[in-house]
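Look at the two complexes coming up: chain A is in both, with chain B in one and chain C in the other.
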Partner chain A sequence: MNTQSFVFTGSGGQGVITAAIILGEAAAIHEGLNAVQTQVYGPEARGGATRADVIISTEPIHFPKVVNANVLVCLTQEAYDKFGRIVQPGGLLIVDSLYVRATKNTEARQVMLPMYETTKKEIGNPVVFNICVLGCVLALTWVVTPDSVLSALKTKIAPKYVDMNSKALKLGLDMGEKWRASLGPVAAQKEAAKIKKS
Partner chain B sequence: MSKREVRLMQGNEACAEAALYAGVKFFAGYPITPATEIMEILSRKLPQVGGVFLQMEDEISSMAAVIGASIGGLKSLTATSGPGFTLKQENIGYAAMVEIPCVIVDVQRGGPSTGLPTLPAQMDVMQARWGTHGDHPIVVLCPSTVYEYYTLTVQAVNFAEMLRTPVIVLSDAIVGHLREKVVLPELGELKIVNRKMTTVAPKDFLPYKADEDGVPPFVNYGTGYRYHITSNNHDEGGFPATNNHQIADSLLRRLHDKVEKRRSEIVITEEIMTEDADVIIFAYGCTARSAYSAVEEARKKGMKVGLIKALTLWPFPFEVLLKYSKQAKHVIVPEMNLGQLAGEVERTLKDCPVKVTRLNRIDGRMITPEQIVSTISEVI
Partner chain C sequence: MNTQSFVFTGSGGQGVITAAIILGEAAAIHEGLNAVQTQVYGPEARGGATRADVIISTEPIHFPKVVNANVLVCLTQEAYDKFGRIVQPGGLLIVDSLYVRATKNTEARQVMLPMYETTKKEIGNPVVFNICVLGCVLALTWVVTPDSVLSALKTKIAPKYVDMNSKALKLGLDMGEKWRASLGPVAAQKEAAKIKKS
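And then the complex of A and B:
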C-alpha cells in the first residue's frame, strides 16, 4: 500500500464521522501508518449531508481531502446523489441497500449490502450501524486489521458497550466476506488479489 | 527513553493541549463553530491544573475577562471564529495599548458576517492585522498542520508574555477540525517564556517604564504596587497624557519597536524544495498543504517549483521573499480569500523582476493541488 483514500457519507447522526475517526486511529496508532481525517457537515445537529474523509498512507500526507476515493460509502440517498461520483474507476462503492437506490452507472464496483437492517435485526440497536459499516469496509479492503479497529474502539466507548460494538464489527466483516464469496470462486480470488495489490 | 505516545489528534485539541503546556491558566470564551472544541477541552482540563474556565455571556466580555485575568498574573487565552473575532477587536486594541499579554485563537470560517459557519476560509488575514483601530502592533501565527497548531500555540503564549502584547493564532476550519497523526513534545522540550516581573520596590515602580528591549516589567495587579491602567495615551506612570505630543509619539513607537526588535525570533517561515526553484508558491494555513502536494506533483513533471510556507503572517515575512527575488521568476499566492496576503507579496516584490500571480477560492472548499499545478503550468 502507498495511499488509500476513503470517503464515508451519510446523514448527520449516523456516525459516519465516528467511523472515519476510528479507521484513522486504527491506522495511525495501531498500525504505524500515516493518517489524516477531515469532515464536512452542515450547521444542523442532526440531518444534512455529512462527509468524512480518511487518507491512509505509508508516505506523509499533505492535501487532506479525497479527490478520487478508493472506497466510497453512501448511507443515504442524498449522500449518494451528492457524492456518488467521487469514487475512482475500479474503486469500491459501498451503499446501504435500505437507504440507497444505486442508479449511477459508475466504473466502480458497486456493493449493496443490508447493513442497517442486519444491524437492527441481529443486535437490536441501530446505534452501532456505523461499526457494522466499518466491518464491511475492512472485509472488502483489508486496509487495517479488525483487531486494530477494536483497539481504537475500546478507547472511545464505555466498557459495557464493547461487546455490542464487537458484534457489529463482526457482522459487517461477515457480510463483506459473504459478498466476496457470492461472486463465485474465480471472481472472489480476483477481488482478493486486487486488495493485495493495493 | 520512554516510547512516545502516537495520537490521531484534532487541530483544535492540539491547540487546547498546547495552551496547557505553555502554562495558560485562564480561558474565557463563547462557543462558536469551528472553534468550540478548544473551549470544551479547556473547560474540562483547566480546573484539573488549578486554572479557571469561564463561559461568558458574549465574545466581547470574554475578551475583557481574558485581559483582566492576565492583569492579575495568569497566562490567558480565548478562542473564536470570524464573527466573534470581530466583536473582540475593541478589547484587542485595548490590550495592545495597555500592554497586557493575551492570546486569541481565530479558527477562520467563511464570511463576511456569519457567512459559512462550518466551512473553511482564510478571510481574516487582514482583520487579524488591522481589525482594531489605531496604528497598533500585532503578532499573527498561522498553522498548517496539527503539530504546528500545537507548537505555534505555545509560541503565541511565549511571544505574548515576552512582548506584553496580544498575539493571534490564525487557524482555519480545516486545520482546526483535521485529525492527523502526531507525537507531541514532552515537557521541557519546548521553551516556555514567562513575563518579566519588576524587581523594584513599590515606591519606585513605574508601570510603563520600559527596559532596553522596549518591554516594561510586569506586576500582578493588587499586589501592593500602584498600577494605573488607561487606554488613553499615557506616561510611564500609567496616567493619561492626552495632550503631550512627545509622549504620544514615543509610546506608539515603542509599542512597535518592541516587536520589531525581536523580529528575527518572531518571523517563522519554512522553505521547501526552493533551492533551484523558478516558481515559488507562497502559502500559509491549510492552503500550504495543497501547495505542498502541488509542489511534489510539479516536481514529478520536472518543473522547478518550491514552497515558502509562512507560519508568521504578521509581521509580514518579507525577508524570505526578497531572498528569492533574483532566483525565482514567478511567485504564486494561493489563498482562500480574494487576495489578502497577495497584496503584501506584490508590495514586497514591486521592484523585482518577479511576476506575482494570485489564485483565489472563496466557495468554502480548499484550493486543490490540481488547481495550483494548473496555475504553475499557466505561468511558466
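And then the complex of A and C:
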C-alpha cells in the first residue's frame, strides 16, 4: 500500500464517523502510518446522509478530502444514492443488504452483506453495527490489523463494552472472509491480488 | 461571520475530537452553516498531541485544513508547544491554566482559564472537561448558540449524561462571560466588536 482512501456513509447515529476515526487512529497510532480523517457538513446534513472520509498512506497526505475512493461503504439507500459515484472503477463498494436495496454502480466490485441483521441477531445490540462494518472493511482490504483497531477502540469505550465491540469486529471479519471464500479459489486469488495492488 | 476556523489541541482522551465534531454538527445541522471537521494524524500521533480542526462558514469551504486559526484551544503544554503558532495575530488563544503553564505567543489574545479544575470541582467528573471548554469557546466567539451545541450533544450521548453535559457547557459559558466582563466595560466592548468582525 502507498495510499488507500475510504469513505463511510450512512445516516446520523449509525456511527460512520466513529468507524472512520477508529480506522484513522488504528493506522496512525498503532501502525505508524499517516492518516487524515474528515467530515464535511453542508446544510443538507440536516436529516440527510452523513459522510466520513479517511485517507491512510505510507507518505505524507497533502489533500485531506477523498475525491475517488478505493473503498466506499454505504449503510443507507439515501447514502448510496448521494455518494455512490465516489468509488473509483475497480474499487470496493460495501453496502448493507438490509438498508441498501438498489445499487447501479457496475464498475466497482460490489459486496452486499447483512451486516446490520447479523449484528442484531448475534450480538443483540445494533449499537456496534459500525464495528461489524469495520470488521468487513478489514477483511476485504487488509489495510490495518484487527489488533490495531481493537487497540484504538479501547481508548474510546468503557472497559465493560470492550467485549461486545470485539465480538462485533470478529463478526464483520468473518463475514468479509466468507464473502471472499465464496468467490471460489481462482476468483478469490484474483481478488486478493487486486487488494494487494490497490 | 463569513468564515471562522478553530483548532482544538490536547492529549488523547481529553475529548478534543469530540468537541470539534460537536461544534461542526451544531453549526451545520442546527444552524444551516457549512462546516468541515478534520483530524490529521502522523506517526507522531503516538503518545503526542492530538489536533482537531473545524472550519465554519456561511460559504462553501474549499480547503478543509486550518492554516491560520481564528481560535486555538490548547489543553496541554505539549499541544501548545507544538501548535501554538497556528493561531493568527489578533486571534484567540484559549488555554487551560492547569495544563498549560507557559505561552509565548504575544500576538494573539490570550485567555487562560481554570477549565479543568473548575469542571472537576463543580461537576466532579473530568470526562466533561471538553464540553466546559466548548462552553468557553462559545462565550468568547458566539459562533453558534449554546442550544445548537446541546442539540448536537444529545445525539451523541446517552440520555442519562445530558444533564452532566449541560452543566459543563454552562460552566464554560459562565467562565468565558466572566473573563469578558473582567475586562471592564470599554475593553469588553472593544473585544465584542473584534469578535463580531472576525
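Just so we're on the same page, the second predicted complex is superposed on the first by the 190 of 198 C-alpha atoms of A that agree within 3 Å, B and C clash if a C-alpha of one lies under 4 Å from a C-alpha of the other, contacts with A are read in each partner's own complex, and residues count from 1 in each chain.
Definition applied: a contact is a pair of C-beta atoms (placed from the backbone, for glycine too) under 8 Å apart; a residue touches a chain by one contact, two chains touch by 3 or more.
Since the structure is predicted, the reported quantities are computational estimates derived from the model, not experimental observations.
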item	value
First, second, both or neither for A:I131, with chain B first and chain C second	neither
Touching partner for A:V36 - first (chain B), second (chain C), both, neither	both
Contacts of A:G24 with chain B and chain C, given as first, second, both or neither	both
Of chain B and chain C, the chain that contacts the larger number of chain A residues	C
Which of chain B and chain C A:I86 touches, first, second, both or neither	neither
A:I123 touches, of chain B and chain C: first, second, both or neither?	neither
Partner chain(s) touched by A:G12 [first = chain B, second = chain C, both, neither]	second
Partner chain in contact with A:V67 - chain B first, chain C second, else both or neither	first
Partner chain(s) touched by A:V100 [first = chain B, second = chain C, both, neither]	neither
Intersection of chain A interface sets (partners chain B, chain C)	21, 24-25, 28-29, 32, 34-43, 61, 64-65
Chain A-touching residues of chain C, taken from the complex the two chains share	12-13, 17, 21, 24-25, 27-30, 32-43, 45-46, 60-61, 64-65, 155
In the complex with chain A, residue positions of chain B that touch it	6-8, 33, 117-119, 174, 177-181, 286, 289-290, 292-293, 296, 366, 368-370
Of all residues in chain A, those that touch chain B in their complex	21, 24-25, 28-29, 32, 34-43, 61-65, 67
